[in-house]
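First chain A sits with chain B, and in the next complex the same chain sits with chain C.
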Partner chain A sequence: MAAATGARVVTIDPCHTCQPLGAAYLLLGIRGAVPLVHGSQGCCSYVRYLLNRHFREPVKVAATSFHEDAAVFGGRRNLVEGIKNLLLCYSPRFIGVVSTCLSETIGDNIDSIIREVQKELNGKINVSSKQVKIVPIHTPSYAGSHIKGYDNASRAVLEYLVQPGKDSNGKLNVIPGIINPGDIEEIKHILVEMDVPFLVLYDISRTLDTPLEISMSRLPKEGTSVKELADAANSLGTIALCRHAGGAGARYLQKKFNIPALLGPLPVGIANTDRFLDSVKKLIGKEIPSSLEWERGILLDAMADSCQYTMMKRAALVGDPDIVAGTTRFICELGMEPAVVMSSTASDEFVREVEVIAREYDYNPVVISGGDLYDFESALKERRADIILSPSHGVEIARKVKVPVVRLGFPVYDRVGYHRRAIVGYRGSLSLLDLIVNSLLEFS
Partner chain B sequence: MGGPITDVIHMVHAPVGCAWYTWGTRRHLSDLYTWALPGKLTNVAFNRRYCTVTDMEEKDVVFGGMKKLKKACLEAFRMFPEARGMVIYTTCTTGLIGDDVSAVARQLEEETGKFILYAEAPGCSGVSQSKGHHVANHQFFRQIRKLREKRPDLCMKEEEKTPYDIALVGEYNIDWDTKVILPLFEKMGVRVIVTFTGNSRIEDLIKMPDAELNVVHCQRSATYIAELIQEGFEVPYVGCSLFGIQQTSNALRRTAKFFGLEEQAEKVIAEETARVEKALSFYRERLKGKKVAIYVGAPRVWHWIKVMEELGMEVVAGACTFAHEDDYEKINARAKDGVLIIDNPNEFEIEEMLHEYKPDLFLTGLKEKFIGRKMGIPTLNSHSYEKGPYAGYAGFVNFARDIYQAIYAPVWKFL
Partner chain C sequence: MSASLELLPNRRGHVVLNKKDAAEKPECGRSTLPGVISQRACAFYGARWMLAAIPDVVHLVHGPVGCAYYGRTVRRTNYRIFSSNLAERDIVFGAGDKLYNSIREAVRQFSGTRAVIVYATCVVGITGEDLSAICNRASTDLGLPVVPVNCPGFCGTSQAAGHDIAVNVLLEHFIGKGDKKEPPLDNTVNILGEFDVQGDLGEIEALLGQLGINIICTFSGRASTTAMANSHRAKLNIVHCRRTGQALAEAMHDRFHIPFLKVSFFGLEETTAALRAVGEFFGSDKTEKVIAQDVKKARREIEPFLPGLAGRRVALFFGASRMGSMAKAFQELGMEVIMAGSQFGCRQDYREAGDKVKEGVLLMDDAHDRELEELLTKYRPDLLVGGTKEKYMAHKLGVPFLVFPQEMSPFAGFNGFVNLAREVSGIMGAPVWRLAQSRREVSKLKVAVASGNGLTIDQHFGRAEQFMIFELTPNSVSLLEIRRPAGKESVSYQDSGGRDGVRQRIDLLADCRAVLCTRAGECARKQAGNTGLTVLEKEGPLSEALKWCSSVL
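Here is the complex of A and B:
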C-alpha cells in the first residue's frame, strides 16, 4: 500500500537534507581533497557540523563565504580567491566546488570560473592544473536531497577524472553511497576474503574514522587517490552499493566505457548479501570462499536462535532509500512484518523495490516515498509497530509511541560508535540483528 | 535567538537544508511539553521537538514562495493548534527572490489571531550570525511595540507589577542555565518576569518593557533590544556576567543596588559561595597552572577569562566567531600581556594557534573540539556544554568538573 504524500504543503520534521551535504560526504572520501562550498558560510558550517556530530571527527569543508556584494554582483571573485587561498594553505590534490541554492539562483557559472582559474594557475601560483584537480559539482539544494547530491557528485568527479587506458586493471569498482566507515570496512573484508582486487571510489572509511595520534597533517592521508579514481575507467565492473547515491557514477562508467554496472541492493541480510557475492563472482570470476560461508552460517544460526523474539514483530523503518529497502528485506527474513516503510528521498524505484519484497513475503506495509517524519508518525497511528529503525531524528517518535528504537543510517548523533558499526555483509547483518533483538528484549 | 521561545512554531522559509541542520542542535532547553503525560516530562519540548520548513523547491524559487509560505503556516497552525504564535525566518534563497514575509505575517495575524513575529536575516546579508542577532533584535522590538500599542491588554497590568521586576536579557537557557540563575535573583527578592529568550513564552516577551530593569547577560546578541527598550520605554539596563563566583556575585550586587537590596544580595552571595567552596577547592587544586585557549562566539571569551583565573588556570589564547570592537575592548582589558587574540579565525589559524600555544585545554564549540582532540588537546563543548548548566554558582562546579574530566581523562597518557 503506497501512501499518498504531497497533499500537505508545510514540511514538518524533514528526514532529508540538501545536496551539498551529499557532495561533501563523497568528496571527503578522496585523498587530499577539500570540498569548497560556493555559497554562504552557513551552507558550509552546517554541513561540517552535521558530519562532526555523526562521525565525531574533525572535518574540513571550505566556503567561498558569500556576503551581500557577492549575492548582488556574483561570486566569481569569492571563488577565485577561495581556490587560491585553499591552495596556499592546504596544498590539496583535489578541490570539489559545490554549488548551493544561492549561487545557482544568481546563476554563477562555476564551470567557466574554474576553467579561468585553472588557466591562471598554470602561470602564477606555484601549482599547475596537473597537480590539483578542481571539479565543479552542481548541487542546488532546492532540487533533490543529500542523496541526489552524492549521486550528482559521483558522476561529476568521474567525468572529470577518469582516464581510460589500453588494458583492464582487473579490479572491481565499488561506489559506497551514504553508508558508514564500518560498512565500507566490511565490504573490503568480503572482497579480500574473495581475493578480488578492488577499488573503493570515495572511500571515507579512513578519512572520517581516524585514530587519535598526534600529527600535524593538514589533510587526511587516506581515501581514494586521484590516480585511483582516474583508473576507475579500466575496471572490470562497478557495483554501486546504493542505487540512489552513486548509481549515476556507475551508469556513467557503463555508458561511456562499457564497464558493467550493478546498482544495489545494499547487502543487508541473507538474500541481499548472497546477491552481492554472486554479482562479484560474475563480474570478476572468483569463487565464494568457505570463510564467507562460515560467516553466513553464523548469521543463520543467530537468526534461528532469535526467531522466538523476532517472529511476527512489526517494524517501522525510515531513512535513506537504499538503506531502508535493503534492511526491509532483512526484516522480512527475520520473520518480522514491515508495518511502515519510508524513504527520506522520493523514488519510484524504492517503492517498487519494497513492494516486490512485500509481495514475496505476503505483507502489506504502508510505503511512503520521500515523506517527512510527520508522515511517518501519522502512519504509526494507523499501523502499530513494535520497533522503529531510524536515524537519530526518529528517536523522539519512538519515545512517543513507546516502542524500542534501533538507530540506523545517517545521521546518528545521540549515541556513540554507530559510524563504526556495519549493517552490510553477513557480519554486519549479524550485528544489526543483535541490536534489534536486544532492543526488543530490553524493552519487554 | 528566536529558537528558545517555547510556545511558538518556528517556521523556516527556505529550502529544506537550512531548517534541517539547525534542528535539535543548540541545547536551548525548555519545559513546555506538548504531549507528555502529567509528571512525565521525558520528551523534548515543543520548540526543539519539531522542525517546520516550507521546503522551497525549484518551482517555488522561480515563481516566488509567498503563497507556499502562507499555506504552510496555516497548515502548521491547524496541526499544532496549541501553538500560541509563530516566528518566521527567511534565508538566503527566500531573501534573494524577495518574498515579502512581513506581508504574509500581517495576513496570518489577521486570519489566525495568533502572534506572528518574523526575522529577515538571510545568511548572505551579514558577516556572521551577529548580523542576525542585530536584525532580529530590532525587528522583534518593533513588532512587540506594535503589538503592545494595538492590544494594550497584552501589557502587564498595574496590579500584576511589583517594584522588583526585571527581565533577564540575552540568556538562552543553554542546558538549563536558567535553573541555576533565576533562583539567585528570586532569593534576594527580585522577580524575573521574562527571560529573553531562554525558555520563554511569547506573551511574556511582549511584557518585557514592563520590567523595572533589564539585566543583560549575552551583551553581544541582546544589548540592542535592551537599548531599544531604554529609548522607547525608559527602562534602564545593566550588563553582567553570570559565570564564575566573582562575576555572578557582581551581577547580583549591581542588580541589588538598583533596587536597594544590597543586604539581601550579600546574604545570598555568602550562602551560595559557601555551598560550592568545598567542591571548587577540589578542582582548583588539580587545575592550577593549566593553560587554556578559548574560541567561542564573543562575550564568553571575556566572561571566561575571569572564570579560568578563579580556577587558577591561565588563558593563553582567545578567539571569537562574531565579536565586535566593544567585545575586544573588554577582552583586552581582562587579558594578561602576551595573550593571543584572533578575530574570526578559520580552521587553519586555529590549528596554528593550538600548535603554537599548546594549551592544556581548548574551550570551543562542537565543530572545533574534534580538531583539538586530534591534536591531543582536551576539549569541552563550550556552546551547548557537556553536562551543564555552567552558569551561576552551582553551574560553576559543573563547569569545573567537566574541565577536570576533560584534562584528567587517562586516555591522554597513552598518546
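Here is the complex of A and C:
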C-alpha cells in the first residue's frame, strides 16, 4: 500500500521547494513586515516570482545579496547594511531575517548580528529597537521543504514576540499554514458565525489579496499586528489548521504557556469540518449555530445530487501533506476512490493519516510520501485515475495521461483566482465539489 | 543632473537623465545594495536561462531541492529537471557519491540523452566539492560528455554572470563538435541571444526564409546538441540580444571565423534594417521586395491602434539589452518613452538606449522596487513595460502594465510589431483604469472651461488659449488653476513626433472629466472621448454653466 520512493537517489521534477519560501509566506501575513532573505539574490527573486504568480499580487521580499566576498568572509556586513537600507526604504515594523543554505553553511550567526544591529539602531536612523522587531528565522534550504520553513517560522516568531499577561484574552488562536486567502476568510466566517473571538496568526488573507486603490501604500496595511502576535500567549487555545505547517507554533504555545493545541486535520469535507467545529466548541465553549448546520445541509444536498457523477471515480492527489490528507477524506466521502495519494513533502504522519482514511473506507491507494512528479506519473500510469487534484505543476501530467485536473493547493499559476477560492469549511468544500463534478462532466 | 526621485545615497549614480553626446550614463555592473528589493536574480538563474531549452541533454542541479524546483521553470515553460536533492547529511559528509549516482540514474531514466549538464549551486560552491573530477569520472563510465556548470548563485552581481558561464560551457563542450572538415553551408546563419519567447523565433525564421536563408542553430531557443555541433558551419552569426549573444559571437568569430551582425527584430525600422544588413551580407535580391510588402501590410494593420497610442507615455524596465530597440519600437507607435532601465545592462546597452530616446529621459540601472514605485507615482506613465515581479505593483497603483518578454503572442518581426501595437492598445485602453479612477472622483469632479475672459465660455476647444480648471463637489465650486497649451515657440512642448494642437490640449486635460467650450471639432470630440474626456458645448456665464455641468455629469 504505502510505496516508498524506492532506491532512486536522483530527484526528477521536484514538486516541493525549500524552506525560505515557507518562511516568507508566513511573514507576509504580519502587518508591516518585510522578509529579508539572507543569501543570494536568486533565493529572494525566485520566492517573489512564485508568490507573484500564485497570488497575482506585489510581493515585498528583500535580500542581503550575497556575492563572492560575503560567501568567503561571511555575510555580516550584508546583513547589517541590509537591515539599515530596508528601514530607510520601507520603515517596516517587523523584519524577519530568513537564512538560506548558503548563510547557514558558512556559519553566519544571524542571531548575534541582529542583536548588535538592534543595539546600534537605538538612536540612529530614527528607529529604536522598540519600533521595529527584527527576528532571526533559521531556514536552511537543505533541511526539509517549504512546509518546514513555515513551521519553523511559526515557532520562531512567537518565541520572539509573545508576552504572557495575567488574564486570558478569551480568544482562539488560528495558525493557517500554507493555505489561501479564500480559506482564511472562510475560517473567519465560521468563527464569526459561532461568535468566537479569534486571532488569526500570520493572516495573509488581506496582505496577499489586496484591492487596486491607486493610493500609494508601501506595505500592506492589513495582516496580524505585532501586538496581536504578542497576545497569542493569552488565548484559550490554538488550532493549527495544517499540522505540518504551523504545528510547531501551536505546540510551542502549549508547552510554554499551557495553551491547548489542536493540530489539523484541514477542515475539508463533512467529517473534517465537523471535527473542526467540535474542536472550537471544546476550546471556547460556544455552540454550533443553526447557520452552520444550514451550510452543512447544503453541502450534503450537493453531495447527494452529484453522487451519480462522483461514484466509483478514481482520483489521484498530489500536493502539500495537510491539503492532500484533508482532501483525501472528502474524496472518500464523495464515493470516489483515492487511487494515488502523494505528499510532496515527506511525512510519516501523512502516510498514517491517509492509511487510516483508506482503511475506514476500504480502499487501497498507492500512498507516496515525499515523492517527485516522476513518482506521481509512474503511480498514475500503473493505477489509472479519472481525475487529478493537484497544484499547477501536475497539469502537464494530467494532459499527458488525458484526464481532467482540478487545481488545488499551492501554487496555482496557470489559472486565475484560485487563491480567492476556499476548500475549507462546508462552503469551501461545496465549491471544491462543484469544481470536481463539473470537471468530470466537462471531460466525459 | 538629477531625477526627482528619492534615492539611497549609494544609488545616485545609477539614475541619470539622458543627455545626448554626454558620456554620463548610469553606473552599471555593480553589486546590488543589500536590503533593497532588487529585480535581479542569481548566476544559477542566468545559466538556466541560457541552457534550459537544450532538449536532448540531462539537466541535473547539484544542490538543495529548491534550486531545481525554481530552475525547472524558465520563461514560463517547465523543463524536465533532475536534482541531487542535497540534505543536511550531504552538506556535512560530502555529496560526491550522491552526485555520481544521481548522474548515472538520470542517464538511465532519460534514454537517448546526448550529454549531462551539472549545475553547481551556492552550497556546492561553498563546500568545495571537486565537481570536475566527479563529472569526469561519470563521463568516462557512461561514455557521454558530463559537463559541470560552475554557477553558484553568489558569483557575479546578477544573472549576467550565469549567462557568461553558460556561454563558455556551450563553446567548450557543444559548439562545433561536429565534423570540422565539413565546409560552411551556403545561406545559413545562427541566431545568438534569441530564446523563442511566444513564437518570436518563428517570425524571424519566416522573414529569413523569404530571403532564402536557413537557420542552423538558435542559441538557445532552438539548440539541440546536433544543431550546436554543426553551428560552426554557418556563414553568419546574427546577434539578437547583446547580453547573451555578443560574447558568443566574438568567440565563434575567433574560433571559426564566422562574421557576426548585431541586429534587432523589434519594431519596423529595426526589422527593416536587420533584413537589409543580412540580405546585403548574402547578396539577396529579394530583400527590398519583402520589406516593401511586409512593412506596408504592418502599417495598415497597426493603423487602427495609433490614435489611442499617440503621445502616451511609456516607461521600460528590462533585463539588459532590449532597452534601445524596444524604445525605438514604442516611439514608432507614436508613444513617448519617459524611462529606460534595466536589471543588469552594460554601458553599451545604456549608450544605445540613450541614443534612441530624447534628452531628459530617465535612465535607471538595477532599479529596485521602491524606486519603481516612486517612478510610477511621481511620473505616472500611461504604461510600464517589465517583468512579472513589477507587474502587480503597477496594477495596484492603477498603471497599465505589459509583461516583456511577452506572454501572449510574438513581438518580433513585422507581424510581431502589429501584435505589440494591439496588446499595448488593449491593455492601456482597458476600461478598468478609468473605472478605478472614477470611484475616487465620484464626489469630486474636475472640469476644464475654455474661457479667455474668466467670466463666460468664449473659446473653441482646438484654439483655446487657456483652460480654467474647476473642482466641483455637490456643494462647492473651486478654481484650482489655469492651464495654457504651449505655443509653437515653446520648447517644453515642442514635439518632433508631430503632436497637434488638439492632442496637446487633450493631454493637458488628462485628469479632467469634462471640458466646456463654445465648439469642438468632430475629430477632437472623438479623440477626447477615447481618453475619457467629455466635451460639452455651451455658451454663457461660467457659474450657470458649471451648475449645469454638475447636473449632467
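Going forward, the second predicted complex is superposed on the first by the 442 of 444 C-alpha atoms of A that agree within 3 Å, B and C clash if a C-alpha of one lies under 4 Å from a C-alpha of the other, contacts with A are read in each partner's own complex, and residues count from 1 in each chain.
By our rule, contacts are C-beta pairs under 8 Å (C-beta built on N, C-alpha and C of every residue); 3 or more make two chains touch, one makes a residue touch a chain.
All of these numbers come straight from a predicted model, not from anything done at the bench.
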{"item": "Side-by-side fit of chain B and chain C on chain A, or clash", "value": "clash"}
{"item": "Contacts of A:Lys400 with chain B and chain C, given as first, second, both or neither", "value": "first"}
{"item": "Chain B versus chain C as contact partner of A:Tyr361, first or second or both or neither", "value": "neither"}
{"item": "Of chain C and chain B, partner touching more chain A residues", "value": "C"}
{"item": "First (chain B), second (chain C), both or neither touched by A:Leu36", "value": "second"}
{"item": "Contacts of A:His67 with chain B and chain C, given as first, second, both or neither", "value": "both"}
{"item": "Partner chain in contact with A:Tyr160 - chain B first, chain C second, else both or neither", "value": "neither"}
{"item": "Partner chain(s) touched by A:Leu50 [first = chain B, second = chain C, both, neither]", "value": "both"}
{"item": "Overlap of the chain B and chain C footprints on chain A, listed as residue numbers", "value": "8-14, 16-18, 20-21, 39-43, 45-46, 48-50, 52-53, 56-60, 66-68, 70-71, 89-90, 100-102, 105-106, 140-143, 145, 210, 212-214, 216, 218, 374, 393, 396"}
{"item": "Interface residues, chain B side, partner chain A - complex", "value": "11, 15-25, 35, 42-44, 49-58, 60-61, 68, 71-73, 75-76, 79, 91-93, 96-97, 122-128, 347-348, 351, 355, 366-368, 370-371, 373-376, 411, 415"}
{"item": "Of chain A, residues touching chain C in the complex", "value": "8-21, 36, 39-46, 48-50, 52-53, 55-68, 70-71, 77-79, 81-86, 88-90, 100-102, 105-106, 140-143, 145-146, 210, 212-214, 216, 218, 374, 393, 396"}
{"item": "Interface residues, chain C side, partner chain A - complex", "value": "8, 31-45, 60, 63-70, 72, 78, 80-88, 90-91, 98, 101-103, 105-106, 109, 121-123, 125-127, 152-159, 368-370, 373, 377, 388-389, 391-393, 395-398, 432, 436-437, 440"}
{"item": "Parts of chain A lying in touch with chain B, wherever the complex brings them together", "value": "8-14, 16-18, 20-21, 39-43, 45-50, 52-53, 56-60, 66-68, 70-71, 89-90, 100-102, 105-106, 140-143, 145, 210, 212-214, 216, 218, 374, 393, 396, 399-400"}
